[in-house]
Structures are given as structure tokens and as C-alpha cells.
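Both complexes shown next keep chain A, but they swap its partner, so chain B is in the first and chain C is in the second.
What follows is the complex of A and B.
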């Protein structure tokens, strides 16, 4: 038993890889199918599902489905909306949450510990349990615009951005990270007469690359994939993001070729981004598992 | 830790205020709002003023009774039977609409079971809510352990020291970055009764013996199909959390186990698993919270059907609060949901506590 012959070792290695590859196929096949189907006319798409051709770019391959998808829905507008909402929210979130983290770690102020524990307590409130009361709230909130004061935030960009700027998880990530930075740096800068904002902007932020990347990736995934919230607060096409735009494609008779084309268009950029930065993505998820 | 240099009320407040204010307005306020609204008849838009109705919404949703019915008998005392020979029971409608039983007014049959010749009929004031409640709990109780367990197996697999292992890790994680809405629509095709990939695959594996199933159109398979897809999408997320837990376990412990001649199972049982205690709590709580929030899959794949077999609490909360503009009804479901999330998180924490 104790001695393993070289053959045996090679066999075991082969089995290990076979298991890994089989599992990989389970995770990959729907995505490969999506991309391949987007290139095929409807009839061929259905016929190909009976064989491995479903996963191969064979037969009558074209970009027709993409052209038709663009005719069916204002895809450019949806992409613009998603990019705008996601981009602005991520930037504002990084600013607001890193400042809060800074205050919780480096500054002593009355109420600090109380507020930190209240914020962390909100981690166990799933968004889905506050969506309906929040819908009522934003339908009444005032807004000061160019034409003076108006009420109600429904059908706007702000209703998709402002409620999502601050969240407990991002603040928690910054707090954890800042706790690990050498405190002497901050105190030295203070002795030299730097203002708190200068310390935040010139000392702490330049050292915060890793946590900024983590927070940005997590927030990006949440915002770009947002569905429930825009579904209930945005009825006008003008402000719809890509995920809600999907509804144009699953009406009575689903044209699967066009659906696959749309799914590919809104998914491939994210997948490419992920594959390019996969270590950073996985590290961000892993860092949410580090309990303080 | 505190020193004079870092004491500054004004700066502290200035830095923290935007974050605190946003969380207060958009998370904490609506959270308490949900409790308050559930005690009213608030609608999204209404000409009538909102009224306080106390626990009425909860009574309307949660009322359940059991009726014990004896079979109908004819004048001779024989049990009446229908054409198929089954005993005939009084109609539920005749009871819930009868002036003799005002307490059952408006209730409908949820399900029934028989003990001897007596039929026990469970009636509920809000049958759809009850089905949503049971479906959601079923989903959580199946998905949490299965997804957590599979994620751990995957984590152990990709924690091996093999060439190219990071590639496999990256592939297993891939569905996590794809929107659940996209995944749901994609799987709607995979589960489709005509030309769906799953039926074709099963038929190929059994050499044609497998009869095609309408996975999402059959009340018995719709919820399991959604469970399978949800696990496929999210398991990589928890694999990564398990993996980060695995990597905190000191290699010297494994070396010691090897020297002691521990088997693979013994190493897992006495070295790996004890080192994963905190990770286990976290994984279970996160999966539970995500599972309770089940919405997009339902909205895209089944819209609660067939026969309410995939209704869920969040889907009902949105259907009422947004679809029917019944904010108080949606808020009541939200409160019930939150209390369940809280209860299960506390329970898991207690079950996996450190034993002294």
C-alpha cells in the first residue's frame, strides 16, 4: 500500500484532471451555448440542440441576430444608462465609503462606535426586505432641480444611483483595510501640520489601491447586474438599464436567436473584464469572507 | 488606541456624515418604515387617506384553520361515493360562505389530507402567501446545505497543488459574474420542453429511454429546476469563501497529520473542518440570506407558476407592493421575511457556536 508505482501516480493524476475538466464543462456549457446560438438562424439553433453542434460555430453563421436585436430594442440607450448609473455609483461609493472608513478608524469623535455598530447591523437586512417601503419613500422625496423643487424620484437616474452609494459592506472593507495601515504615518503627517483632508487624500488614498479595487469590483457587479430595483422604479424606456431591457426579448414568442445575441452583448464585456482580472475578482470575494 | 492627535469631533463628523446620512435615509428608515406600513392600509397612490389598521394585514395573511370533515351520508347512513368510488365530502365553499361560520369567511382550501374517512382540510385566508412561504422555506432548506456542501467540495478540489489549477478555479467562478437575470433566461431555454438542452442530454445519455419533461411547466419539477440553476450560478461564490478559509489553516497542522499517518478523511475531519468553523457560519448565513431573496429567477422563468408552485415571498412582496400598488401588503411580507432571515441567522449562529 505504501509504495505507489509511477504508473499508478500518473493514472491518479489523470483521474484528477478528468474530474476537474468534467466539472468545468458543467460551468461553461450554458455560456458557450449562448454565444454560439447567437450566431445561428432560429431553425438551425433549435435543430442543433440535439447534438454537440449546439456548442460549435457551424452551419449558417452570421451576425443577423445582432442586427435584429438592435431593431427590436434601443440597446445603445440601455447600455449607456447602465454604464452611467454603474460608473457614477461606483465612484461615489468609493468616495463616501472610504471617507466614512477613514473617520471610523483614524478619528476620535463622539458617537463613533455607536454609529459603526449601527451600520454593521444593517448587513443582515437584505435589500429585498426594504425594497417596497423604499419604493414608497423615493416616490415622495423632494428634489431641487433647475425648475425649482419637485417631488418624487421615480423615472430618473438619481433614483438608481443615490440609494446605492453608501453600503455597510463597502464601509466594512475600508475599515478592515485602514486598520492594517501603519498609524504612525497618519500621526506623523498630523504633526507636520497636514489637514485631515490632506491626510485622507495624500497619505491614505495612495496606499489604498488594493481595497479600492476590491470595493470597486464588488460594487460594479452589484450595480451592473441590478434588476429588482430598476424594475420597480423606472417605467420609462429613457432610463432603463440593460437587465430590465431584457424584457423586450422575453415576450410571447421568444426569438431565441435575438435573445442569445442580446445576452451575449451584455455579458461578454463583463466576462472579458473578469477573465482579464480574475485574480482581483476572486480576491475581492474572498476578502468579504475575512471576518473582523 | 486613542491619542490626542486623532481626536476631532468636527473632522470625524464631516468625514462620516455622508455615509451615515445615506445609510440612515435609504436603509434604516425604510427598514422601520416596513414595520410601520405593515400596520396601515397604505397604497402607492391613493385618493383616500391612509388608515391605521393594527394587525389586520398580518391576520389576513397568516390566518389558517383546519376543518375536519366527515363524508356525506345518504338517508340510510351509507357514505356517498362519486363515480370513481371516492367518498364525497361537503364543499368547502359552502362552509366559508355560510353565515353559520363567520370565522371562516373568505378563506380558501390550501391542501387536505385524510385520516381514516375523515378529511382534514387546511384552509387559509391567503393561500398564495402560504404557498410562497412554504416554497421559500423549501428553497432555503434545500439550497443552503446543498450549495454550501458542493462549494466546499469544489474548494477542496481547487485547493490541490496541480498545474493549471487557477484556470479551473477561474472557470468554476465564472457564472458568479454573470447576471442572474441573464442566467435565468439562458436556463429557460435549457429547460425548455421542445429542443431544450437538458432533455436532449438526458435522452442521449439513456439512449432515448428518457421521456422529455417540461421542467418549468410542471408543478413538481419547476421549483427543483430553479434550485438547480441557482446553485449552478452561485456555488462558485461560496467556493471562493471556503477557499479563503482553507488557506488560513496552517500547513504545519497538515504536516503533523501526515506524520501521524492520518487518512484523508481523518485529516479532513480533525484538521480541515475544525479550521473552517467561522467560514461555515459565514457561508451558511450568506447563502441563507441570498436564498430568502429569491426573485429574479422567478420573475424571468415562471412568474410564480405553474399553479403557484414557484411563488416566493419576495416575488409576492413585489407583486403586491409594486404590481398592485398595495404598499402595506408588500411591507407586511417584507417584515415576515426579515423576521425569518433574522431567526435563521441566529439559529445558525447558535448551532455552529463554539462549544465550551
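What follows is the complex of A and C.
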């Protein structure tokens, strides 16, 4: 077996870093292009796309596109709506799906495997196929509010949140993760007289940081990027989320600088959320490849 | 005591105002102009003026971005959530009327007698929608280009023939000064294709669908005239006269003003950019390929939703909005062609002698609405795909035959669309 000389090792390390930097650049370039373009006037932006200048803060740089973007659309309102809807959905989804996962893994009840199979089978059903039936359903559902009972959920936050709380992928993630936790912990808690909810809350959830982060990030991205559903259930500007708001910028002559400024601004919450949970997310991804 | 009296007066005034407000019947209205600041200001002004002008109705406006508008309306129709007043793109109106999303517009024909033909939306013999403006396309070039190529200036009365048009393109190509002789604008997709290019087909003598019955495209979209059109269309790209479907959108937007194209097929909405760049910009009429020069007609129009309980109130608002001052305001604001000659006279660009007045004449003389059929929304997509395929080198006859099959199958599936 040939030994690895220090020179050889250094070369391999250099090649590895070069490949990783190249891959990182490929992923970072679109973001850099977006931010740089948001600082340039339309004519320059389009002219720069033919060269590397597209990725550099050169030429006539200013924040004018941001100012005009704010004039064109109520960006603050759209971001608030999206963050509210996304945040509440993520929290409720984590609570409901983790409890469902817990019930599928730790509780013995008749039909458990069949129910899990049915839920997982819904993963292959594209949302577009159920969008219209779901629209018809939510347009007639009752709601009890301050003014009594009303019918129809259209034009509200709840219509953007409630149908998205439970989802098969998140339940699947929790099921898989819970299966990997030591059974002895659960049994010990049962012997100590803990209730199932106490076990869920005090034993299982504190050990579930990685899967919570993963599920939260995936759900956040799905919810923040929602377009079709809010498009068909929300007709009032006051409930519109950011992705539908993007359409405000596509007029006959598209102001690409404003589009890029808007995209830069609405990307910030996603980046902030990802960076906040990045460590746990990577830990979770890494743990999926490790056999215990 | 004075304070008490003031408070009492204030209370009485508020009560009166409130009772007046309560007496007004609310009308909801949806509009496609969110994101366009100028358009938003004008439409909000019209709503405010209308609400202040009478005490029977009060209109509340909800604006949508154009790209999301049609889907929102269709979804709302399914959910039974339509407003009283809608705006609708002209060629889409028959589909919405047929589907029950709209009801006839109870408007006296005398009110719209002077309106451009393309602004009136008729379906099944009844008026369903009316537009405050129209749009038109023209062959955009420069006087210096015509002079350099030794070409005569075509007029509405004497447009270029198809042969003259191709001779002009040959001359421009041979001059070698431009990247392409002609820019039809294939970077723009969607409705641009049937709006801008089906008039060429109609000038050749074909059409997207047989307008005598609207039951088939056979013979009009794949007949001899249509095949001649298809071969001409393909020759624009195989002959190197025009950029194809891979055209960069930036080149489409700025190619003419950057001097890359000798002739550009473009709309009145892009005219100001050209005029501001070249003071010798010309807007020429469409060439005549044998059956008269044609351009597309019909833009966004107002109508009453199928579920509105107050069509009289909706019509009252629409009639109010048809005043010349608003038509002129929209024209000055967003560059569209005002629906009446009297409104055109009030505008900066379309008044007699104005830089864009020719578009009003073009719209009046050459405008042809797209097929007035609920099936148009499907036919437009089929037509777009066929033209893109032909531009990319597909066999003309086979492609048009396939398009006819698709259109006919759709008409059959929908029971003839109520014609």
C-alpha cells in the first residue's frame, strides 16, 4: 500500500478545496447576480448580462431600484403576510406532525401501519390535482369569529395556514427520526409512570432538535414560496404573500432592476431563517447517513 | 355650551353622512393594474369621482397584478366569489361570457357609438364589455432607413404589398447595416403571438378558426392560404431576415433603438421609446399579403360579472368611466389609444398631428378582433405553438394540420362552445 506523502496530501486538499469552491460559486452566482443587478439601472443591467460585469458592483450603482420597488408594491405588507403565514404554519406543522409521528412509532393501535401507508401514499399526489376541490371546500367551510358564525374561508390568513398544517413529508421525517431513538428511554419513562404526552414532550422532543430544524426549514421553504394556493384563495391585497406580489413587477416593459431589488428583499427572511437553523439542519442531514 | 352645541352638530353631520353611506349600495370591482402606479392612480380617481358623483352606489376597488388576474377570476368564479364589475382582456371575454362569469352589459349603444370597433366586446349578439382604450401594432422604422434603402413610404391608403415588404427586407439585409432586417419579436410569448401574427395569416386569406361557424379550423388554418403564410413565416427565419424564438428579451425591448433591426413589428406602447430615441421614427401600416392589411384589435375592457345582483349599478359605473377625460387620462398615462376621436384630441400624443396619431388611424382602418369564440383561449395557445414550431423549422403543412386537429378536438370536447 502506497503511503501518502505530505506533498500528495496537500495536492489532494488543494484539489478538493478547488472543487468545493467551484461548486460554491455555482450556487452563489445567482444570488450575487441578483444583488448586483438590483443596484443597476435597467439599460446597464441588460448590457452587463453579456459579461462578468453582471456579477460586479460596477457602473452606475445606486439604491434607486429599491426605492421604486417600494413605490410599486406594498412590500412590507407582503413580507409581513408571508412571514406570519409561514411562521404560524411551520409552528403548527411541527406540533401536529411530530405528535402524529410519535403516535405512529410509539403507540400501538389498530390500523396504524395502514394509516401510515395511506398518509405516505399522498406524497405522490401533486397539489395541483387537489387545488380546485380544496378551493371549493374552503370556500364553504364555516368559521366562528367575533361576529358569530360565517361561511367561507377565502380572503383570510387561516385559508393560507390550516390546509397546510399536516403534511405527509413532515410526518415521514418524524417517523423515521423517532424510529432511530433508543427505545429504552421510552420504556424507562413508562416504568417511571410518565404519561404518553409527558414522554412526547419531556423525553422525545428534547432529543429531536435536528429533525425539528430540518422539518422547519423544508416547511418554511414550501410555505414561503407558495404561489398557486394564495393566488386562488386570496383576492384582497391585504392578505397577499410575497410570491403573488412578485407579479406586481411584471408589466409590459419589465423593470428588471426593480424585480431584482424585490427578489433580494424577499430572499432575506429565507436566508435569515436558514442561517439560524443551519447547524441543526446539517446535523440532521449528516445523521441520516450514519448507521447506529 | 358652545362645545355641547358643536358636538351635537358634529354628531348630526356624522349621522347624515353615515345614513347617506348606508343608503348607497356597495359594488365591488376588480382590476388588473396592480403594480402600475400610473394606472392605479387613474382608476382610483375614476372610482372616487363616481362615488362622489351620486348617492346610489359606492364602488370599492381591488387591484390585481396582471399576471395573476385571469387565474384569480377563474378561481373566484368556481368559488362563487366574483365581484360586480370585472375587467377582461378582449379576446378572453367570449370565454368568460360563455362560462357564465359575465353577463350582458346593459349599456345604451348610443353611448358607445363613436368608440373604436376593437373596444366593443360582443358575444352572442350582445354587448358584454367595453374598453376605454385599444392597442395597435405597426411596422416601426426610420425615415432615414427608407431613404437609405430607396423605399417608398407606405400609407394607409397604399400600404406595401407582400412583395414590396419582402423587397424592403431584402434591401435591408443586403445593406448589411443591421443585425437583422426585421424583428417580429419572438422573445415575447403568450398572447403576443396570436395578437401580432394572426393578422399576417388573415392578410394571406387564412385564419385561426373558420369564423362563419366557429366549429372548425379546417380549411382556414391549413388551407392553401395558410400554408402560403406558414412558408412565408418560416422563410423569415431560414432566410436570416429575423431573429427566431431564441431571441433575447433584452434585444426585443431595445434592439430597434440600439440600431440592430431595420424594421420592428411593435405596439403603440413601445412607440414613445422609439420616438424619444430617433426623431425620424415612422409607424407604417401592416403590409397587404393579398386580403387586405390587418392588425390585431381589442385590449382590456370593463364588464359585469355573471353573479352580480346589481348590473344596473355596474353599468352606471362603466358608463361613468367612459367619459373622454378618463379615456384621455389613460392614454396620456400609459400610452394606449383612446377609444374615441374626441378623447384622442384631448391627448398629448394621439391628437391630430400628434406623434402617435397614426395608431388611432391604424386601429380604425386595419384593426381586426381575434376570433370571437370561447374556444379562442385554447386556439391562441395552439396557434402560438404552431408558429414557434414553424419558426424553428417544422414542416409547415404537417404543423398546421396538427394544429387544426387540436383545435377541432377542443371544440368538439366543449360541444361547439355554444355557437
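Criterion: the second predicted complex is superposed on the first by the 233 of 292 C-alpha atoms of A that agree within 3 Å, B and C clash if a C-alpha of one lies under 4 Å from a C-alpha of the other, contacts with A are read in each partner's own complex, and residues count from 1 in each chain.
Going forward, contacts are C-beta pairs under 8 Å (C-beta built on N, C-alpha and C of every residue); 3 or more make two chains touch, one makes a residue touch a chain.
Model, not experiment: these values are computed from the prediction.
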item	value
Partner chain in contact with A:235 - chain B first, chain C second, else both or neither	second
First (chain B), second (chain C), both or neither touched by A:114	neither
Partner chain in contact with A:26 - chain B first, chain C second, else both or neither	first
Which of chain B and chain C A:71 touches, first, second, both or neither	second
First (chain B), second (chain C), both or neither touched by A:134	first
Touched partner set for A:46, first chain B, second chain C, both or neither	both
Touch count on chain A, higher of chain B and chain C	B
Which of chain B and chain C A:266 touches, first, second, both or neither	first
Contacts of A:149 with chain B and chain C, given as first, second, both or neither	neither
Contacts of A:224 with chain B and chain C, given as first, second, both or neither	first
Footprint overlap on chain A, comparing chain B with chain C	46, 49, 132, 135-136, 139, 231-232, 249-250
In the complex, chain B residues that touch chain A	2-3, 5-16, 18-20, 22-23, 25-31, 33-34, 37, 42, 44, 154, 157-158, 160, 162, 165-166, 168-183, 185-190, 194-197, 200, 232, 236-237, 240-241, 243-245, 278-279, 282-283, 285, 289, 292-293, 295-296, 299-300, 314, 317-318, 321-322, 327, 330-331, 333-335, 337-338, 341-342, 345
In the complex, chain A residues that touch chain B	13, 16-17, 19-20, 23-24, 26-31, 33-34, 46-47, 49-50, 54, 96-97, 99-100, 102-104, 106-110, 112, 115, 118-119, 122, 124-137, 139, 162-168, 171, 186-187, 190-191, 196, 200, 221, 224-225, 227-228, 231-232, 243, 246, 249-250, 256, 259, 263, 266-267, 270-271, 274-275, 278-279, 281-282, 285-291
Contact set on chain C toward chain A in their complex	30, 34-37, 62-68, 71-72, 75-76, 78-81, 249-250, 253-254, 269-270
Complex interface listing, chain A residues touching chain C	43, 46, 49, 71-73, 132, 135-136, 139, 152, 154, 231-233, 235-237, 244-245, 247-254
